[in-house]
Structures are given as structure tokens and as C-alpha cells.
Amino acid sequence: MSGVLLWAWALTLPGLVLTGLGVGRRPGSASLAGPGVLLVVAVTWLLGSRTAAELRQVDWLPFLPDGAFHLRGDALAAVMLAVLGFVSLCVYVYSLAYMADEPPAGQRRFFMYLDFFVASMAILVLAGNLAVLLIGWAGVGLASFLLISFWLDRPGTLGAGLQALAANAVGDAALLVAIVLVPAGCGDLLTLQTPACLAVPGGARLTASLLLVAAAAKSAQGPLYFWLPSAMAGPTPISALIHAATMVAAGVYLLVRTNALLAAAPPVAVATAALGVATALGGGLASLQQANFKRGLAYSTVSQLGYMFAGVGFGAPFAAIFHLVTHASFKALLFLSAGVVIHARDGEEELAALGGLRRALPGAYAAFLVGSLALVGLPGLSGALSKDAILDAGEQANLLLAVCLFGGTFLTGLYIGRLFFGVFHGPRPDEQPIHHPSPLLLWPLVPLAVGAVVAGYLEWPAGLLSSALGETAGHAEPVRFASPFGFFAGLLGVFGFALSGWRGREQAAEPVRVGTDAGWVGAVARRGYGLADRLAAIHSGRLGRYALASVFGIAIILLIGLRA
Amino acid sequence: MLVLGTSAALLALGSGGVLLRRNPVAMLMSVELMLNAGNLLFVLAARVRGVVDGQAAALIVLVVAAAEAVVGLGLALALFRDRSRVDVDDPAEVRG
Amino acid sequence: MSELFLPLAVGCAVALVSGLAVVLARRPVHSVVGLLVHSLAIASLFLLLAADLVAIGQVLIYSGAIVVLFLFVIALLPAGGAEGPIGSGRALSAVLAAGALLAALAAGLSASLPAATGRSVGGVEAIGRSLFGPLVVPFELTAPLLLVAIVGAVAIWRRQEQAP
Amino acid sequence: MSVPPALLSVAILVVGAMVILTLTSRLTRDSTALGTIGMLTLVVAALPSVAGDPLSQIALFSILGAAAIAMLLVPSAELHVTTQRPEVAALVLLGSAGAVVLATAGDLLSAALGLETLSLSAAVLIGLGRGERPLEAAFKYFVLSAITFAALIYGLGLIFLATGSFAWPSLAQVEAAYHWVLLAGVMLFGLGVSYELAVVPLHWGALDVYTAGAPALAGYVMAASKVAAVLALGRLVVGAGAPPPAVLIGIGLLSIVWGTLGALAQRELRRMLAYSAVANAGFLALALGCGAEGRAAAVFYVEIYALTALLVFAALAGRGPGPLGLADVPSEEWGATRALGLALGLLSLAGIPPAPGFWAKLAVLAAAWHAAGWGPTVVAAVGGVAGVLYYLRPLPDVFAAVRADGGGPGLRFPAPAVLLAGAAVVFLGLVPGLAYAIARLAIG
């Protein structure tokens, strides 16, 4: 079984080829088996003997400090694969219906991108060293770009995809530097913190900071958050799978995987926590200001990823992974039920045009309610337990940050309540027709809703998840839970949620305009492209100028070379 | 020393000519000046070093100069023959 | 060496002045005449440096073939190859660039030069030994180069002549 | 006297070219026979590599490989006069001969002759393209190359003055009095070779050629000259210890920044590729300045880059020489082979692992970190990842335009070349260690 786990990343590739060749009556149906088998493999491994497996082909890339082709299948990887398989299976089924209006070639392309994404994500979590991690890391970035830009004829999709690429590129640059600066023989994700591997100027702080930058870019933290809301230009299933449940959590995964390194660099750990808390609060505030349904949810994702970062920074990698697991199911649920709404309204995403859909779309209504309550942390639901774990760790590690995070739960209640009541309650703003969703759109919501309710009990009270993860997610001692801190945080969230309901639909739909959208990105992009245009304009095509520049260049380089 | 200085000056003079002239043929003639500077250097070095290879190399470079002139003039002729004005800065449709 | 100084100086001066004429002459034909004089001056320098065979080659190939080729092409160019006025900016930048190149070369050459000693070598036989001895490979490699030049010139001409 | 294997290959290439030229009138109509003779020559010319050293092996394999792909593309090359295919094939062979000489020459005078053979054939090859634009590009390329070649010859004169021979020089062994003369000579010679590399500030002519030349021929010119130039520069740096590493690194970083910014500004695919070629040349120059590991990385990089660029240009061959605006990509007629070939090439150029372009960048970065430290590594890393912003831009359009049945009859020819180059790219991506090991042996 362990050997199969190592090669789980290849499971969706047959589907990719078959779909590409046009197999299957309904485009994409040939791809369905991939994530299903992936889920089965991961769960079987977790329920079975849980023997870790490794594959190490040394000197695959002889020029790197650690250029082995190195896969490692362990508990952390299996948990991530299980989440990936579970959410992607739901999303695949959902997409069969959601994308059914596309031309067949487009549907096939969509599923091929999805298959490619799942394979890349699986490589990412199975990677044993930085070099292999990069394959998955870049692969998911590429898949994200392609899927954000999937609807090419719609304005802004390409720009949104390029934004995602740009933010990813920042992280990739940091990762590239990290991969070459470690001493020879280093690169294994688990041994980066050993003294031999920290023998570089800068040591643990430098390496850990570079990984933090990479993770922040992938998980839309801090100033690099800007691409995630724009990424909502892609189809909604993509927003659920890639930009909520799995890919954006890759940064969290990386930090958890290398948590020993973070522990060796306390200042960076504090920075991680602070970054997470700031993003959790900022994301929550920003969500309140969105006029667009999906963007509101996207900022919620930014905010929740901030909780996970805070958990890692507090020295509780297990809490972060736990929240990652619960968040994957309830956020995917929220997005998919939002997708039902958007599909029913022919792509309408503006909050001002949505409202009063409670009776017309009871399935989506129920699903969104469950997801919202799990998100705000209604005691007993999954989100409550995992958030509790993070807050609890924060209380012990850094009380000030933990209190800020505690306050953040109120924001969570406010913004999700605003979206929920704004879309489903109140009067209908117009009388546009509503398509009733096909069963294929609704069925995938059921397992996700179940997950959103019960995922927390994977850990509480029996400690199943922490015992399964063991050392792979730090010293995963079972969390205390039902701490007063966490309990009151849940109540605060519910209070915020109720407050939004009480304020009513009209106010809810009205976005609070403060203007925290990333202005700096636009400015940087304008400057950059302006500079590029000016530089390109130097190339006038005139031979005289070119010759002049060449002779001057030769003279100057000769002078410099003789003086150097 | 004198000849060495002359060759360096010729190289610079030729490069100045390439930059100054708008006529492609004059430009190529200036390039020939630069190549002549190199040849002068070869012969001088053969003398200074007492190695005859320099002179032989100068002969080979003469051949190279001829080959270059042939191709260069061919291209210039093809490009400018149908134009009303001969100016190397005129064909600027391709902007790298 | 000292008895050679004066002739060498004259040769250099003629080479430089005629080179200047090539660069500055307003009409291309004058440039060609300048190139002819320049080539002969270089050949005389070769003679003074005891490179008889190279001098002969210079006269035959340069003065004989290349200069004539330039003349032909000028005749074929529209308007006799007359060029437009040259702006002062272009002149200034050309002088500056040439000056920069000269300065860079001077920086390399003036730093440390040994006294010009040397002994005269040359003669047809010695060059022949060189061309078929140590330099046989480069000598043979002129063959593909010339082949490229011939094929290239013909092909470019055919391109214009047989264009649809 | 035994003939070095590389020279034997050169002789075979020249003979092949002469055979084609002799039979021109017959081969004009029979493109199959033309291709057969051309490919046969290339295969036979590759045979001597069995007896060669790693340097000549790598030079022969990469240059002749590029020539083979170009030979497959000759039938689809957009020529001004379509009856000139035999001349084009002959010039490809002769240019390859020049490139092999430049890369493997035993002395500097031979290297200079090889360089001139290569750049003259390149200028003519480009000049034969359809329309006025290729001719203009060829003329500019030629004049600029003539300037740098004259500087190179002067540098060769200085080297001869300093050492009294045309052997590959060494700064460490020259008499102290001639130190500066030799340094100046090596710098000028190196700059002359760098023109083929297309680094800033000698990139102008190459930019025009990559932009306006017929794709089939521009790809070949780019690949052959970069491979040969890297090998020659690498040998120069090993032997002479000059140009100084700082200069190479400086030129490299300048080219990376320049090429990246320039490519970001482009709205046309060919021009974007041309500017990105400058950025890639920057990586090569940077690597050449980074010690033994760096030189190996440079050779590794140039093999992969040349192959990938050939793949991209092969995929663009046959569609006509005109500009291809990024906005017009969807309306192009893309067969599945060409579209996937283009996509694979772009992915590799952008540095998406496991495409080999990414390994090449990593190899350069690793060498840069050890030899040049922080600053250059970070600049190169940022320049490298910024590539995704322009290389991947057309990708969604290309994928969306794939039709299994697409591609008219005129686009049939490039398919074998695309498949050949694509297979090689995939191989290098999965087994990068082999190519790196050979590169290390050749010039480390």
C-alpha cells in the first residue's frame, strides 16, 4: 500500500489522456476515476498499517545541493491526499453539471486542467525534498493560471490569471534561492533545520524567511493576498477546489512540513504568526467591503488561511493542519453552494442583484447555512474545534496575537452573515428567472456538508488525527479543546452572524467602501510596464543607433575589463 | 610603437566612419578600414615577435575581408536598389 | 629601426589621412579613391615591415578586387549612392564613440609596452611553410568561408532577380 | 598527421554542401532528395564524434542536431524565391561547419574563421526570407556583426602581439610586460564571440533576426550561434582567465534585466521570443562568469535552450513570416502537434518543471550562488521567474485553439521537426543528469 501511495500522483494522468482523446460520452467522465482512486488509496493507507515509504533516486539533478528525485509517503502526505481526493471528487462530479453548457472541447480542456492540477498537487505533498516540491509547486501555479483564465472571452480573466502568476513568481523566486543556497546534501524537507544544513550566512533565519515568503505567496498572505480575490474570475468549481480548499493551503502545508526549521528560527515564527493574524483580520475587514459574492468568500479564505499561518507561527503545526482539513470541507461547501446560486442566476455574482433566494434554492440555502455555521465556529461543528486548537496554542505562545485573533472571529461572523442573509433572505431585487439546479449540482454538497459538520470529530475527543499524523506535524499532542477561549470565540462568531441577520438584507448588500484593495499592485504593475515600454522603445530599428550603441558598448566594456 | 598607434587610430577611425555615414557602401568601406587596422597589427606583431605566422594570418584575413565585402555589398544592393534614397536608417520596419 | 622611422611615419600619416578621406568624403566615389590610396599606403607599410608577400596580396586583393567591387556597387545604387546630410548630433556621437574606443585601446596598450625589438622575418617560402604548417587548418578553412560568400552573393542576387 | 574528428565532420559538411550546390537544378523540384542528401550529410558528419573528446561530441551533437531540425524545416521555410531551397540547405550545412569550427577550433584564427563562416551564412539565410523585412534584418545583422568581427580581428592581432602564436592564450603564462595587451586582446575577441550570444549591448542585430527571419531559419541561426558561442567563450575563459568574471556577470545581469523588461512590453509573439532570447543569453553570460560549475551550467543551459527555441520556432514554421500578435493567437490555425509543441516549448522556456528549461535555470542559479553570491543570484532568480509573465501569456489561447484535425496542408511539413525537437525536450527534462555530466566533462 505504501508503494501505491508514493505513486498516487500518477493516478489522474490516465484520465487526463483519456479525456484528451475524447473518451467518454459526457466529456470529462473519463477523468472521474482518478480522484476517486486517490481518495481510496489515501484513506486505505491511513486506516491500514501506516508504514511510511520513500523513494530516493540520487543525483537526478547533479547540480543541486540535493538533486535527488525524492518522494516520501507518510501520514501528513496521506492526510493531505485524502483531503485532496475528497474535495476534488466532489468538485469533479459537480463540474460535470456546472460546465455542461460549455462546448465539448472546452469541457474536456477543463477536466484535463483539473487532472493536471490534482497530479501536481499530489506531487507537491508527496515531495521529499525541495527539488521535487518545486515540480508540484510550479505545476499547481500553472494549473491555477490556466483555470483562472479558462473563460478567455470574458474580460479580465487573463489579467487575473497573470496576477496569480505574478504573485506566485515572487514565492517561486524565494524558493529557487532557498534551493540553491543550502549546503551540499541539504534539501530534504525534514532535515533543513540540522546544524549541517544551517551552515550558511544567515542560517535558520534566512532559510526559514525564504520559505515563509514562498508560502505567503502561495497562500495569499500579507501583501501578497491580492491575487486570490482576482482569481475568482475562474469557474466556481475551481474557486472551491484550488482557490479555497487545496492549492492555497499549500503554503500552510510547506510550513507545517518544515516546522522544525521554523522552530529553529523563533523570530521568523513570530513573524509568521503576526503575518497570519494581520491577514486574518485584514481579510475579514476586506470581505465586508465586497460587492461581489465570490470575492467576499475569497477574502474569507484569505482570512482563514491567516488563522492557519498563525497556528504554525504559534508552534502548533498540528492545529494548522487540523484547521486546513476542516476548512477544506466547509469552504468548498460554501463555494459550491455559491456556485449553485450563480449557476441558477446565469452567472450573476453581484450581491446587489442577488437576494431572497431561500425558497427558490432550498438545497443551496441549507448547504450554505451549514458551511457558514461551521466557518463561524458554532460550538460542536468542525470549524469550532479546529479554530479552538489554534486559539489555544496562541494563548500559550503569544497572548497579544491570540487576543487579536479572538476578536477576528467576530469579523468572521459579520462577513459570512452578510453574505448569507444578503443572498438568501430579504426580498428578491428583481424577477429574473431561476434555473433549478440539476441533481448533479446538489449531490456533491451532501458529503461536503457532512464533512463540515463532523470533520472536527476526527480529532475530538479521541485524538484520531493527531495520533495518525504523529511526528509529521510537529509534536502533535492531543489538543485540550473546549477551552473557554475557543468556546467564547465560537459564541462571538455566532453573535456576529446573528448581528448581520438583524441588520437585514438592505444594509448587507451595501458594501462598506474603504478601499483596501491592493493599490500597490496596480502601481507596481504600471511602473513596471511603463519602464518596459520605454526600454523597448529604445529599439528604434535604426541601424545607426544600433551601431553607435554597439561601439560604445565595446569601448565601455573594454575599459571596465581593463580596470577590473 | 608608431605603427601600433596608427593601427589603433585606424580602428577607431573606421568605427567612427561606420557610425557617421548614412551610405551603406561608405559604411562597409569603414569596416574595411577596421579590418586593415587588424592586418597592420598582424604584420607588426610578426615583426616584433619574429614569427612569420602573423604575415600568413594577414593574408588569410585579406581573404576574409574580401568575402565579407562580397556578402555585405550583395545585401546592401538587394536592400537599397529599389529605394529612392540611400540611407541606412531608412529601413526601420523591423524594430527588434 | 631608426633609419626606417621616417618612411614608416610617412606611410602611417598617408594611411591615416586617406582613411580620414574615406570616412569624410561627401561623395562615395571620393571615398573609394581614398580607400585605394589607403590600401596602397598600408601595402607600403607592409613592405617596410618586411612583409613583401602580404604587401603584394594587399595590392592585388584590396586595391585590385575589393576597391573595384565597391566602385561597381556605387554605380548600381540609386542616385549614385549620394547620401543625405549628416547632422551634427550624428557626427558628435560618432566622434565620441570612436574616441571612447581609442581611449579604451590606449588604456590597454600604453600600460606596459616592451621596447620594439624584433627581427625581420618573411619571404615567400617562410610564409608558405607557415600556411601549410602551423596555419594549415585556418588556411583550409578559408575554403568554406569563400564558398559561403559565393553562394550567399549569388543567392541574394537571385532573390532579387527571380522574385515573383 | 591525424585529423581531429571535428575537422573531419567539417569536411563532410562542406562536401555535402557542395554536392547539393552541384545538383541544385535537379534538387529544386525534388525536396525529398534534397532532404535526404542533407540529412545523410548530417548523419555522416556526426559519426566522427565517436572518436572525439567530450567537447567535440557535445558540439557536434548539439549543432548537428539543430541543423537536422532545420533541415526538416527547409521545405516549409518561407522563402522569397521558393526555388532557393537547395541554397538554403547548403547554407545550413556550411553554417553548421562554421559553428563546429568555432566551438572546437584548435587555434584562435580557425575560431575566427568559423565565426565568420557562421555569421555570413546566418545573414544570407535570413536574407533569403520572404518579403522585405527579413532582408532588412539580415542587413542590420550583417553590418553589426562586421563591426564586432573587425574588433575581434583586432583583438586577435593583440593576442598574437602578446604571445606570438594563435594558440588559446593564457593570462597566467604571458610575459608580464604584455599582460595588458593580452587582456585587451582577449576582451575584444570575447566581445566578438559574444555577438553570436546576443548579450546586451551587442544584441540589436540578433533581435531583428529573431523577430523578422523566417521562423524555420531564425530558430536555426539562434540555436547554432548560441551553442557555438558558449563553447568558444567557455574555452576562452578556461584558458585565458579572461574576460574577468565580474565583466561576464555584469553583462549577464544587464542582459537578464534588459531582455525581461523588453519581453514584458511586447504584444507580438516573435518579438517577445526575441527579447527573451536576450534574457537567456544573459543567463549564459552569467554562468560563464561563475567558475567551473558555472561553465558546465552554461553548456547545459545552452543545449536545452537551443533545443527548446528550435521547438518553438519549428512550431511557428510554415504559418508565414509575418508578425503574430498575442491577440491573434486564437485565430491561428493550430494543429494538435504544433500547438502542443509550442506549448511544451513555452513551458520549458518559462521554467515550469519538469520541463528542462527549469533545470537549466536552477543549474545556473546554483553556480551563481557559489561563485557570485547574493546579489546576482537574486537578480537572476527574479529575472528567471518573471519569465512566466510573458512566456505563459499565450498559453491559454494556444490550448483553447487546439483542434485534433487542425492544420491545413501547408502546415504538414513542420510536424516531424516538432516531434523530433519535442521528444528531445521531454528526454532532457526527465533525464537532465546525463546532459549535465557531458557538459561538465566538455568544459568544466
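Going in written order, the chains are labelled A, B, C and D, and every chain counts its residues from 1.
Please note the rule applied: a contact is a pair of C-beta atoms (placed from the backbone, for glycine too) under 8 Å apart; a residue touches a chain by one contact, two chains touch by 3 or more.
In this text the structure is predicted, and so the values were computed from the model without any measurement.
K.L.:
Please indicate the chain closest to the centre of the assembly, with centres calculated from CA atoms only.
P.N.:
Looking at where each chain's C-alpha mean falls, the closest to the middle is D.
K.L.:
Cα centroid separation between chain C and chain D, in whole Å?
P.N.:
Whole-Å distance between the two chain centres: 30.
K.L.:
If you average the CA atoms of chain A and of chain C, how many Å lie between those two points?
P.N.:
About 67 Å separates the centre of chain A from that of chain C.
K.L.:
Counting only Cα atoms for the centres, state how far chain B is from chain C in Å.
P.N.:
Taking the average C-alpha coordinate of chain B and of chain C, the gap between them is 6 Å.
K.L.:
Please report how many Å separate the Cα centroid of chain A from that of chain D, as a whole number.
P.N.:
40
K.L.:
Where in chain C do residues touch two or more other chains at once?
P.N.:
90, 93-94, 97-98, 101, 104-105, 107-109, 111, 113, 134-135, 138, 142, 145, 148-149, 152, 156, 159
K.L.:
Which residue numbers or ranges of chain D touch two or more of the other chains?
P.N.:
If we look for residues of chain D contacting two or more partner chains, we find 109, 112-113, 116, 120, 123-124, 127, 135, 139-140, 143, 147, 151, 158, 166, 180, 183-184, 187, 204, 207-208, 275.
K.L.:
Give the residues of chain B touching no fewer than two other chains, as numbers and ranges.
P.N.:
4, 11, 14-15, 18-19, 22, 28, 39, 44, 46, 48-51, 53, 57, 60, 64, 67-68, 71, 75-76, 78, 88, 91-96
K.L.:
So with touch defined the way it is at the top, what topology do the chains form here? Options are line, ring, star, complete, other.
P.N.:
Complete.
K.L.:
Can you list the residues on chain A that touch chain D in the complex?
P.N.:
Touch list, chain A to chain D: 22, 59-65, 67, 105-106, 109, 131, 134-135, 138-139, 141-142, 145-146, 149-150, 152, 158, 161-162, 165-166, 168-170, 172-173, 176-177, 179-181, 528-529, 531-533, 535-536, 539, 541, 543, 546-547, 549-554, 557-558, 560-562, 564.
K.L.:
Of all residues in chain A, which touch chain B in the complex?
P.N.:
539-545, 547-548, 551
K.L.:
So in the complex, which bits of chain C are touching chain D?
P.N.:
Those residues of chain C that touch chain D are 104-105, 107-109, 111-114, 134-135, 137-138, 141-145, 147-149, 151-152, 154-156, 158-159, 162-164.
K.L.:
Which residues of chain C touch chain B in the complex?
P.N.:
For chain C paired with chain B, touching residues are 5, 8-9, 12, 15-16, 19-20, 22-25, 28, 31-32, 35, 38-39, 42, 45-46, 49-51, 53-54, 57-58, 61-62, 65-66, 69-70, 73-74, 76-79, 81-84, 86, 90-91, 93-95, 97-99, 101-102, 105-106, 109, 113, 116-123, 126-127, 129-131, 134-135, 138-139, 142, 145-146, 148-150, 152-153, 156-157, 159-160.
K.L.:
Quick one: in the complex, what on chain C touches chain A?
P.N.:
90, 93-94, 96-98, 100-101, 103-105, 107-108, 111
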